[in-house]
Amino acid sequence: MWSYTFRRVLMTIPTLLLVITVCYLMLHATPGGPFDGERKVSAAVMANLQAKYHLDLPLWQQYLYYLKSLLQGDLGASFRYADWSVNDLVAKALPVSLTIGGGSLLISVLIGVLLGTVAALRQNSIVDYFVMLLGNVGSAFPSFVIGPVLILVFAIWLGWMPAGGWDGFDVRYMILPMALLTFINVSTIGRVMRGSLIEVLNSNFIRTARAKGLPLRTIVVRHALKPALLPVVSVIGPLAISSITSAVVTESVFSLPGLGKLIVNGASNRDYTLVLGLVVLVTVVAVLLNLLVDLAYALLDPKIRY
Amino acid sequence: MTHKTALRMVAASVALALAGVSGAALAAKVPAGVQLSPKQELVRNNGSETETLDPAIAESVGANNLTRDLFEGLTATDADGKVVPGVAETWKQKDPTTWVFNLRKNAKWSDGTPVTADDFVYGWQRFLDPKTASPYASTYGTFVLNGLEVAEGKKKPAELGIKALDKYTLEVKTPYPVAFLPDVVSNLNLGPVPKAAVEKYGKDWTKPGKMVSNGAFVLKDWQVNSKVVLEKNPQYWDAKNVQLTRVTYLPVEDGYADVKLFQSGENDWVYQLPPGTYDKYKAEFPKDIRNAPMLGLRYYSFNNKDPLLKDVRVRKALSMVIDRDILAKKITADGQVPAYGVIVRGTSGADVTTYDWASWPMAKRVEEARKLLAAAGVKPGTKIKFTYNTSEYHKKMAIFAASEWKTKLGLDTQLENMEFKVLLKKRHDGDFQIARNGWVADYNDATTFLTLVQCKSDQNDNFNCNPKAEELIKQGNASQDAAKRKQLLTQAAKLVMEDYPMLPLLQYTVPRLVKSYVGGYSLKNPMDRYRSKDLYIIKH
Amino acid sequence: MLFRSKQSALAGTLDNALNNAPVEGRSPWVDARRRFFRNKAAVASMIILTLITLACIFGPMVLPHSYEDTDWEAMSMPPTTLNMHFFGTDELGRDLLVRCLIGGRISLMVGLLATIASVTIGIVWGATAGFIGGKVDAFMMRLVDMMYAVPYLLIAILMVTLLGREFYLVVLTITVFSWMDMARVVRGQTLSIKSKEYVEAARAIGVSTPKLIFRHVVPNLLGIVVIYTTVTVPGVILTESVLSFLGLGVQEPMTSWGVLIEDGTGVMETTPWILLFPAGLLSVTLYCANYIGDGMRDALDPKDR
């Protein structure tokens, strides 16, 4: 298993290189540069700006320059946020995204598994339909509708929570965004759980257990739950990646200073270094999360060996 | 703005040219009878995250709002947009190209050291140094002797026309007479910079705990994409007239999110209302709604080099049929004023011009426009391409314009929306037919708007050129007589607009919600520049 | 992003379910249909979805309004029978019913086309990798892994900016990031089919590899493809709406449910119908698609007897 882990980590390098190169080329091919503004700057000023950020070099030299500083752990200077290095920006946004995304994921797993189990045990009944109706809210309404509705109800009408923003790690500011992400994640986890539990309940060993006269409760808790959870584990990876790194809508609706906001602002401002820095981060996070999920999978499923 | 346009600004405001403005302290004047709240804290949304807190490289409106609170230049502008003394107590135009500023001796940095003439010399040299690469270097550099040459790297920063005669006396040389220099130096790009802090911390000098500033406020906290917190600067020379103890700037971009924060009480100051919501919020928050015109023009650029649009008759027809009244009243519905010329109301240095057909009934305008199109050989069904950047506001206006051209002229408009940066690129490259455009004045003078339609101006996206108008502008700027200058510039504006180089639509307003207990908010501020120094919280 | 994870979610389940499943000789379709019709929610969903689709196709033809004609005298009108504005009008006085139906055409088409495209790519990629195996397999699947690591949204923004916002380009943008789950699932399935006797027999009599893949392997993947398609459609439609939220949707005056909803959210307090109608249509469609997907999954689950 260690050698497997090692190989997977090693795979990060070509992945990173490929992703960086593709993004790099796409960014530079996109019309408009970081210093194009409503007021056109004079040629001399443009030259100064480009020199300051090494944009006057040929593209391949800039690329090599970037890779070189990347090797030293330096993601470069941001164009859009001129006073900050990309390292600073990422270091500030990552904890916010981790808290919101990771926190909501934990809650989602609990709720999703519960809903999925209830629905599976009452398959094709009114309870099943209703639970899935509830669980699927997050995949039937766009998040940019759910979010404002949450704000309207809980922040403006009831006045229980702030309408957005971020204050240190004040819990009040986390509740609504986490609720929104939970809606989204529960719909996925709930459906997967329902599907996989139905499958497991129909498998031979459960039938045997039932034939032996074990109560359903014991069967589900002792025997069915663990194998049914396997597919749930396998979705946690992608869900975590999207909740942490790409919760753009959530961050925009609730004005949160997270990673998604940086990605979108970086791209629209042609902040090459910021975008590439985030690409590096997202890629590494994605690879690590997928690896963690695979390892967890192996721990749960005795059939899998690496 | 080019060197040439700057030359034309000679002799703008007579009042400012008068030497020796009195140095009385003009600050947050709380009218008699107003009871102040014990808690003097303000939260104002700034529209987006600031790109910097370094006054030399600040470019956006938001960044300038912050640097205006943190720093103070030689002069400043008050709530009504009038020039008032800043660090300089008095100033004098010694000869046409030499200015002397007398600094007040009680101005201090937030670390307690005095603000001296050297701080300005350092600040200006740093601002124009190519290594600093300030986007505004050529805009303001043109007003200082050798400014452009320094920005272009042709001369050393030490050769810049600014000199400390002694610790509290500053001499500024201009390349030509600039009568409105006191107005220009209120911009913080031309402010003082604390050399010691910059040299000690490098790029990090603008961070909380490291920044040293000389304005009414100091930097307390800065969370990117979350907030910038300022606190009252006890070292500020006029601190007794500063009421607010804490100002929090938010970077909320989404207009709806902004309003929701206002409604839930976390924000006192909505940056700008989303399009089409003005009437609604006016009814809902009658005490908080604030709306005033500012020096800005919404217009559409015609590509004058385009095969179809190079015919002035086509451009005229397209302009004639747009019903600006409906656009202002029903589409944007936020109190904006119809515009028929390049100069907007409230601009000094030229009068507003208009078209004779502006007062005609629409039916007559349509009839005339159809004739023009027929004469130009443009048949109904002809396709025109309209380019705009993604935004609710621009989308609505674009759909309106397309509908006008379709129903009144039978033209088939293809809308094309794109990201802002792509639009900028296309506009600058002339890769469009008709494009969304807009301009907000950098300073209050007609020349800032005339740059939009002048030959070879950086800001001319229409690619038009009228040599006669150009000549009039030149004559106007050479004139020492303010009335004569105004007449010539007005004439030029009228003449160039008869070519229909662009399609003026509306004059900007700033519709926003500001809590009724925020005092000192003037509706006569044409540049939308509000110092927190002038604001206070009324007891509520 | 949202839907990518959902696809992998179901892909995971399917992987489990189908990889180990014996490929039945007798017609599984009759069984499946019987099981599907036992699921009342799925059947009801099917009917509703059909009705919505028909309305989107034929509605605009019979209604008196055009989706792009503005009416400055009738802006933001609530639903009324007057002038046949049954859903009211939007902020520019355009008939909301027609716009919802036209938007539905776009959203459903995006859903359908992007699904077909990504399913096709997924099948070809997965079947090829699974069947050839060895280094080719390893390489192809590593590429899939890499695609998972790419920040989807960023590339989507750049692609739309670079290429423009034509309808088919939106489809392309969505497709690029939605084929990988299919590829993974199909590969797994192919690996198990490959070792079946009939495939080995075919190989023994010298059938060429491409022919083997498309004659013998692909047809046996149909079950999974059908389920998968129903799962992908709602995800893709939802992704289109997120793109619209980011200002990357189809070009005005053309519209989609995502664009309509995005327009409606801002004014939901004053003129709620501008949000409610498109949001209602979208969510009913997505609910239906989800129920149908669950129904299909249950019906084609080989263990569920």
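Labels A, B and C are assigned to the chains in the order they are written; within every chain, residues are numbered from 1.
Definition applied: a contact is a pair of C-beta atoms (placed from the backbone, for glycine too) under 8 Å apart; a residue touches a chain by one contact, two chains touch by 3 or more.
Treat the numbers as computed from the prediction; the structure is a model and nothing was measured.
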Give me the ID of the chain with the smallest distance between its Cα centroid and the all-protein Cα centroid.
A
So which has more C-beta pairs touching, A-C or A-B?
A-C
I'd like the Å distance between the centres of chain B and chain C, where a centre is the mean of that chain's Cα atoms.
47
So, in whole Å, the Cα centroid of chain A is separated from that of chain B by 40
Centre-to-centre distance between chain C and chain A (centres being mean Cα positions), rounded to whole Å
21
Residues of chain A touching at least two other chains
30-31, 148, 152, 268
Where chain C touches two or more other chains, by residue:
161, 265
Out of chain B, which residues touch more than one other chain, so two or more?
256, 419, 422
Contacting residues of chain A [partner chain B, same complex]:
30-33, 35-42, 44-45, 48-49, 51-52, 77, 80-84, 88-89, 92-93, 148, 151-152, 155-156, 159, 162-167, 252-258, 261-262, 265, 268-270
Chain A touches which residues of chain B in the complex?
2, 49, 51-54, 57, 59, 130-135, 137-139, 148, 151-153, 203-204, 206-207, 223-227, 250-254, 256-257, 260-261, 263-264, 266, 419-422, 424-426, 428, 438-439, 458-459
The residues of chain C that touch chain A in their complex are 1-6, 8-10, 12-13, 15-17, 38-41, 142, 145-146, 148-155, 157-159, 161-162, 234-235, 238, 241-242, 245-246, 258, 261-262, 265, 268-269, 275, 279, 282-283, 286-287, 290-291, 294, 297-298, 301, 303-305
Touching residues on chain A, where the partner in the complex is chain C
11, 14-15, 18-19, 22-23, 26-27, 29-31, 123-124, 128-129, 132-133, 136, 139-145, 148-149, 152, 184, 187-189, 191-192, 194-196, 198-199, 202-203, 230-231, 234-235, 237-239, 241-242, 245-246, 248-249, 260, 263-264, 267-268, 275, 278-279, 282-283, 286-287, 290
Chain B residues touching chain C - in the complex, by the definition given at the top
255-256, 274, 276-277, 280, 326, 330-331, 390-392, 395-396, 398-400, 402-403, 415-419, 422
